[in-house]
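What follows is a set of structures for review.
Note that subunit A is present in both complexes that follow, paired respectively with subunit B and with subunit C.
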Partner chain A sequence: MSNHLLSLLIWLPVVGAVPVLLAGAGRPGLARWISLLVAVATFAASLALLPAYDAATGTLQLGESLSWIPSLGINYSLAVDGISVALIILTTFVQILVIVGAWEIIQNKPHQYMAAMLVLEGLMIGVFCATDALLFYVFFEAMLIPMFILIGIWGGPRRVYATLKFFIYTFFGSIFMLIGLIYLYHKTGGSFAIADMANVHLTLTEQAWLFFAFLLGFAIKVPMVPVHTWLPDAHVEAPTGGSVVLAAVMLKIGGYGFLRFSLPITPDASHEFAWLVIVLSLIAVCYIGYIALVQQDMKKLVAYSSIAHMGFVTLGIFIAFLLVRDSNNPDAARLGMQGAMVQMISHGFISGAMFTCIGVLYDRMHTRQIKDYGGVINVMPVFAPFYVLFAMANSGLPGTSGFVGEFMVILASFSANPWIALFGAFTLIIGAAYTLWMVKRVLWGDIKNKHVAELKDVNGREIFVLSAFAAGVLVLGIWPEPLVHLMDASVARLVEQLAITKV
Partner chain B sequence: MSLSLSILLTIALAPLVGSILAGLFGKVIGRAGAHTATILGVAIACGLSFYVLYQLVWGGAQNFNQDVYTWFEIGRFHASVGFMVDRLTAMMMVVVTFVSLLVHLYTIGYMADDPGYQRFFSYISLFTFSMLMLVMSNNFMQLFFGWEAVGLVSYLLIGFWYKRPTAIFANLKAFLVNRVGDFGFLLGISAILYFLGTLDYQTAFNHAPELVGKTLQITQNHAWDAATVIGVLLFIGAMGKSAQVPLHVWLPDSMEGPTPISALIHAATMVTAGIFMVARMSPLFELTDAALSFILVIGSTTALFTGLIGIVQNDIKRVIAYSTLSQLGYMTVALGVSAYSGAVFHLMTHAFFKALLFLGAGSVIIGMHHEQDMRYMGGLRKYMPVTWITMWIGSLALAGTPFFAGFYSKDAIIEAVGESHRWGAGYAYFCVLAGVFVTSLYSFRLLYMTFHGKERFTVAHGHAHAAHAKHDQPHGHDPHGESHDEDHADTHKEDTHHTPGVLEHAPHESPWVVTVPLVLLAIPSIVIGFLTVGPMLFGDWFGKAIHVNEANNVLGELAHEFHGALAMGLHGFTAAPFWLAFAGFAVATYVYLFNPSVADKAKHALKPVYEVLNHKYWIDELYFAVFAKGGVKLGEGLSKVGDAAIIDGAIVNGSASLVQRIAGGARRLQSGFLFHYAFAMILGLILLLGGYWLIGQ
Partner chain C sequence: MPSINDILILLPEAYLVVAACVLLLLDAYLKPAQKGIVHWLSIVVLLVGAYLVVDGQPATSVTAFSGMFVRDGVSEVLKLFSLLIMAVIFVYARPYLKERAIPFGEFYTLSIFATVGIMFLVAAGNLVTVYLGLELLTLSSYALVALNRDSQLSSEAAIKYFVLGALASGMLLYGMSMVYGATHSLDLHTIHAAIVGTEWKTLLLFGLVFMIVGIGFKLGAAPFHMWIPDVYQGSPTAVTVFIGSAQKLAAFGMAYRLLSTGMGDIAGGAAGLAPQWQMMLAVLAVLSLAIGNLVAIVQSNLKRLLAYSTISHMGYLLVGLVNAGPEGYSASMFYAVSYALTSAAAFGMILVLSRSGFECEEIDDLRGLNQRSPWFAFLMLLVMFSLAGVPPLFGFFGKLLVLKAAIDAGMLWLAIVGAVFAIIGLYYYLRVVKVMYFDTPVEGKDVHARADAPARWVLSINALALLVLGFTWAPLLAWCQRAFAG
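And now, the complex of A and B:
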């Protein structure tokens, strides 16, 4: 059992989607309960990773490998390290909340919605487990299909534009990645194993081409400036659950891709072009911060805020190159990279929670325009504290998870170059400004209009979802060490790899 | 005998437990339950804090420094949650919990009618927890946690009456201005980690001397002194939290919050966190004269120029708010001349008399049925004698009357500045001396306008007379603080939207839960300076908690001339500050007690000066135009040009339409006419053959 744990995690939700579909539109209750059962079982299975995975070594573990297309040397091979374990548990955790969150909200073909969610979950877990580049690519692309369906069927009025933009954007990026992978396949002499690719000697020019191929693929996913404009549109049109998964998990796959591909395969080019990624990350923090400030639509605002916060992920990863190679400060590099990883998990909780909150309001008012709200606290006294908590977490308040990752990245980046820290720390001001200004206009004040006056407070189901997110935000904020420890050895190995030049 | 971790944990966590009980289970436990739980929590913390102080001072206990749990551990970097308790910490703990306890008690009376009663108690207990975490911390991470946590509670409390537009404007402003300070503070912490490799206080202090000679490369050929960079960055944090110019703008607006928190947070404790922090970091600050000069100039500017604004304010709370800014400036000046113990000493005395003044002002507001404007007061001493006398005590202490608490602390600061040779000390000396006159002027102006002279209000004995008995109870809200449930607001409509100067009922003295805290604060406002000046200021009371280089030790110099608190008090009558204060008193007495028309004449004669002060130097307007409006304009511009026009317009949708155009062109080629295809084939053949021929050549 335990040597097939990863396969179980991938296929349980995918196979579990079949009975959900079979339950059919006529029995929505059954479909919901089956999908909840599957999601909970997957979550339970993912928790089994914790005792099974040995965090002390940080190696790739729990591996399984089957020959898939022998003629092309493509293998179905899976393994996880501490970083993947953390991301998998985030995925399965969020998935339960998404299913509970959609419970009676999705009335149109709920069985198909739930099934799409479960398939998506399995594919995302697949991305985090794959150690074969082509398998990774297959999961990476296949993931787009259920998301395409989720936005396209259950989305808002401009869903066709948004889905096309989303699909073409990401597909465009990953084509370049595929070309890069095929090139590497030839270099390795016929292997798609990521480990083999990492061992190939590459000239700086080769690395540079590959680096940009990967950058395009993953930067769009993260998304980084200037390839971010699909995200606000996708979020605005996506149903709440789609937005939650998109922000909480799918964006992380971009950051994860950098770790798995760019770092080990093209370390010298990554070092060479680290400045570019760092500059783009800082632009994400500052420039996007200002854009978020003037958004009128709550979902757009949080979408832009996601881009700004994901800037810390790419920043944390790429300052590691400066720290290891230029400043000879591997501990600071670890600190920065850990910060990036913690930020990924934390952003999963916070963005998921923020989109859930907006969903709660949208379900009642059918508008996301900030100007339509005002004085919500007067009528939703239970909802309001959650909203304030998540807003504070989004502003990086210590004691919440939003602080931990950004704190580590800023600390580490000062050691690389104080100017990087200066621009990064600007998030303290601008992040608080756009988030709390939204809170002021939505939550505080007197009741703005009669629609707000008629708002009903959150029900038990919603309280459950919000409380679960709140627990994640607070536990991680108060005691990040368990998560840090889970990933520490893996991060340390990555940092060691960075130091070794390939040319 | 040593301090035990369990005692310290209890001190920190008891208020948190109370806060959670009142906050999450407020409905279940009710109003009495909420105030009992929180008061009990804070009382435990207060009692144990006194015990800790006793053990450290008389019980021979060693300083405590221990981690509680590891927050993260990455390579050689390590962050933890832990406590460092020495005399400096213990004194802060006592001040925080004592004032907090009295404010909790006072709140029972002040907020009696407010529907947010439990929420309020939950917040002020949460504040107490956060403040304790801040002062008890043994590392920079936890310091930053407490630092921001008190900011959060301050945000929640300023916006406590969230229906008021002014309150929710003020709390956002306070949070963002504080964030500007925190921005510098966080960079300062990053610099410490970079240069010293640790977030732990003790380790950092031990390695502090290594900073000498280190520099931070700013540009290719420009480097800054490491200690100065750290000092200035950390102090920027203090400027936000302790409201120093130019980050002072949030504090006067914070008066939108209920009065008890003005006393607790915006006078006695939270705003002094910056002062405490610099004193705590004295081993780092002592390495940099440049940063200390910077502190000195900022502090003295704050001390004088915010005090001046206090003279023209008419809102009783705002006068005290500007007074707080000015006094925080005095503390900062003390830090700037390396008189850290002087700063902390003034912090302590100020905590008592300023909390007293704020709570007194709150009592006046209750008695006046929500009137805050002093122009409609006067003659209140007849109606509220306890408030009157205690307010006099507080004001005498604030003005620096010999033998009162404020005298010892402020006089020591002024003398220390006079003794200092640091760059900027001359300017600072002028500011703190002139500030004495200003302080005295606005303090006595407040007393006269409020308690003395003619009554400038009338009491309307109308229909509501029958309800008089009921209304004798203290009212739970400030003038415009509409209560939250609707029926409630209706019954008070006349109260909240009254004609200025017309009261429903005669003013009255506040109930005992309000006056007892006033009396309990008045006692230390008189005696605490006399009792503690010797050891705290001129003795070695703080021990190693505060580090001063021998060359900078101005208080040590003054100690030679110190011959006991009595002698110092007597000597005070012959010194310049006393006569300056007396001049302020005389002017105030003449203008506001005997000849009120002079004030108006002066206002007209000095119109430009009055306008400048009344508009607070137009700093608020400037910030709003540049940062708030400018920020939004910038965001709109970037959004239109960057995201919409360039990225989406030109590149994303542009490439989509480019494809469309190419496809459109290609479509035109497939015209369906046979001769077109034939023509194309012939053309192609010619090109192909021509190509071969060319290559053949």
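And now, the complex of A and C:
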């Protein structure tokens, strides 16, 4: 059983989608309950990773390997380290909330919605488990199909434009990654295993080309400036659940890809071009923050703030190169990388929660324009505190999870270069500005129009979803130690790898 | 002298010719109400043919009639899939033909003759066999395209096909004559040996160019693609599916025999004319990818869209062939098989959704299919993503293999071109998915799957196979590799 835990995690939701589809449009209740059951079972199975995984060593564990295409040396091989375990649990956790969140909101073909969500979940877990590059690529791309459907069927008025842009944009990035992977396959002498690719010697020129191939693939996914333009469209048009999954998990796959591919396979080129990524990350943090400030649409605002927060993830990952190779300060590098990981998980909770909150408002008012709201706290006293809490977390208030990761990354950048830290720290001001200003305009003040006056407060189902997110945000903010411990050894191994030159 | 052994090597072909004649006679004597028998019998005939191909397969490559006819692993794979796909097409075609009162007997007999043509073409060891196989295939196809003789579109397509096809055959024959003049042989192996031995290559190069025109026409590779859209659109869909799927296997077989066996091969150090034809194919590949994908974007007719998509897919097939080694051939053959299966399902969908007086051939006819027939919308989604090359569907792995073959041959640029056009191609496949899933159906155009149960079942299996084969393509690849290993 425990030998196949990872396979179980991947295929349980995918196979679970079949009975959900079979339940059909005629029995939406049955479809909902089956999907909830599958999601909960997957979450329970993912919790079994915690005792099974030995966090002390940080190696890849729980491995399974089957020969998939023997004549090409492609294997169905899975394994996880601390980072993947954390991300898998985040995925399964968020998935339950998404399914509960969509419970009676999705009335149009709910069985297809739930099934697409479950398939998506399985594929995302697959991305976090794969240790064979081709298998990774298959999951990475296959993931686009259910998301395409989710945005396209259940999205807003411009959903077709948004979903086509999303699909083609991400496909564009990853196909060059595929060329890079085939090239590496050629170099390794016939292996797609990521570990073999990491051991291959590459000249700096080759590394540079590969680095940019990977960068294109993952930067679009994260997304980094200037290839972020698909994200606001996709977020605005996606149904609430789609936005939550997109922000909470899918974006993390970009950051995860950097760790799995760019760092070990092209360390020298990554070092060479670390400045580029750092500059892009700082642009994301500062400039995109300003863009968020002027948004009229709540979802768009949170989408831009996601880009800014993901800037910390890429900053934390690539600052490590400066620290290890230029300043010879592996401890700070570890701190920065650790911060990037905490930021990924924390952003998963916060952005998921923010999109859920906006979804709650949207379901009642059918508008996301900030100007249509005002004084919501007067009619939704239970909802408002949640909204304020997540807004505070989004602006990085100490005591919430938003603070921990950003603070670690800023500390680490300070050791590398105080200027980087200064620009990074800028987010604490600008982040507070755009989030709190939105809170002010939406929640506080007098009730300006009669639709707001008729708002009903959150029901039990919504309270459950919001409380679960709130628990995640607070626990991670007050007591991040278990998460840090889970990932610490794996991060340390990654940092060691950075120091080894391959040229 | 021909011996009984030669006949045995040719057994599947000989059997099919006899069976087709019997079917023709039988059809002439049956009452109209009993014509359904011909349908089922012809499917059985094809399946028995497929059995004979596999069952009598010798362990090593053998030749018959002094090298005219080769029976090796390559011909086995191509013949088997051609026969199986033809059987699938027959199932799809029945309700379509019945509703349109297109003569049954002629359709089946001509199709089986065309299949025999394919089998000769892919097993040719001699220029004459190549030409005979090709003519048998194309002459039957001209007649098939014109089968719906009251339709203006159909007749126009047949004339176009015939005129351009005859021109291409002429070119091919002209090229062959030059090669014969330079090498004094029609046998492909002898030609190969003569090419490797000679220094004087001008005449051979001329011959090669003309032969590549013939191959390009058969494949439908740009710039020899002009017939494809009109013929695809104008033919009865039951015939389009044949031209669009099984014939691609034949075209691959013909290219392999003429170019690799005949004109030179990079394996073994004796390159012959391989460097020259590699470059020519690379040019054809880039043009096909560009023209196929870009022009497909503006199509509103589904059959025309699939026609341009074929052109681009032949571009990918050529990307694999450019490798000019066993690895490239196996990648291309894998691609040809995967494409033939996928396009059979794509056209099969049009057949299954059509009904009398209504051809489901405009993209808009599929609007809101997910509302009416979610199952068939899902199948079409699989087909479209497979054509677009999105994992985990079958089509992706074909693309992976041909791109890999190009990179292995040191043609990274070609792989990048292939990748770029995959992105452009993605758009129009997604558009079909968009129409089915995101648009609301138009009143009065209620598209349903009305075909009979066997057609619906076979279509389901065909399309689901694209998903299943996406996980289990290892045996097929190993088989393709084995075919070229010896």
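Simple rule for what comes next: the second predicted complex is superposed on the first by the 503 of 503 C-alpha atoms of A that agree within 3 Å, B and C clash if a C-alpha of one lies under 4 Å from a C-alpha of the other, contacts with A are read in each partner's own complex, and residues count from 1 in each chain.
In the analysis below, a contact is a pair of C-beta atoms (placed from the backbone, for glycine too) under 8 Å apart; a residue touches a chain by one contact, two chains touch by 3 or more.
In this text the structure is predicted, and so the values were computed from the model without any measurement.
Subunit B and subunit C, once both complexes are superposed via subunit A, fit side by side. Chain centres taken from Cα atoms put the angle at subunit A, between subunit B and subunit C, at 160 degrees to the nearest 10. By the touch criterion defined above, A:328 lies against neither subunit B nor subunit C after alignment on the C-alpha atoms of chain A. When the shared chain is aligned, no partner comes close enough to touch A:296: not subunit B, not subunit C.
Measured by the number of subunit A residues touched, the leading partner among subunit B and subunit C is B.
Touch criterion met: A:148 reaches subunit C, while subunit B stays clear of it.
Applying the stated contact rule after C-alpha superposition, one finds that A:377 touches subunit B and leaves subunit C untouched.
Looking at the shared chain after the overlay, A:199 reaches neither subunit B nor subunit C. Contacts of A:446 after superposition: subunit B is touched, whereas subunit C is not reached.
Residue contacts after overlaying the shared chain place A:369 against neither subunit B nor subunit C.
When the two complexes are laid on top of each other via chain A, the two nearest Cα atoms from subunit B and subunit C are 5 angstrom apart.
No residue of subunit A lies at the contact with subunit B in one complex and also at the contact with subunit C in the other.
Interface residues of subunit A, counted against subunit C in their complex, comprise 25, 68-72, 109, 112, 134, 137-138, 141-142, 144-145, 148-149, 152-153, 159-160, 163-164, 167-168, 171-172, 175-176, 178-179, 182-183, 185-186. Those residues of subunit C that touch subunit A in the complex are listed here as 370, 374, 385, 390-392, 396, 400, 403-404, 407-408, 412, 415-416, 419-420, 422-423, 426-427, 430-431, 433-434, 437-438, 473-474, 477-478, 481. Subunit A meets subunit B in the complex at residues 165, 169, 226, 228-230, 287, 290-295, 330-332, 334-335, 338, 375, 377-378, 388, 392, 397-399, 403-404, 407-408, 410-411, 413-415, 418, 421-422, 425-426, 428-429, 432-433, 436-437, 440, 443-446, 479-481, 484-485, 488, 491-492.
Residues 69-77, 141, 144-145, 147-149, 152, 155-156, 159, 162-163, 165, 168-169, 172, 175-176, 179-180, 182-183, 186-187, 189-191, 193-194, 216, 218, 484, 631-632, 634-636, 638-639, 642-643, 646-648, 651-652 of subunit B are the ones touching subunit A in the complex.
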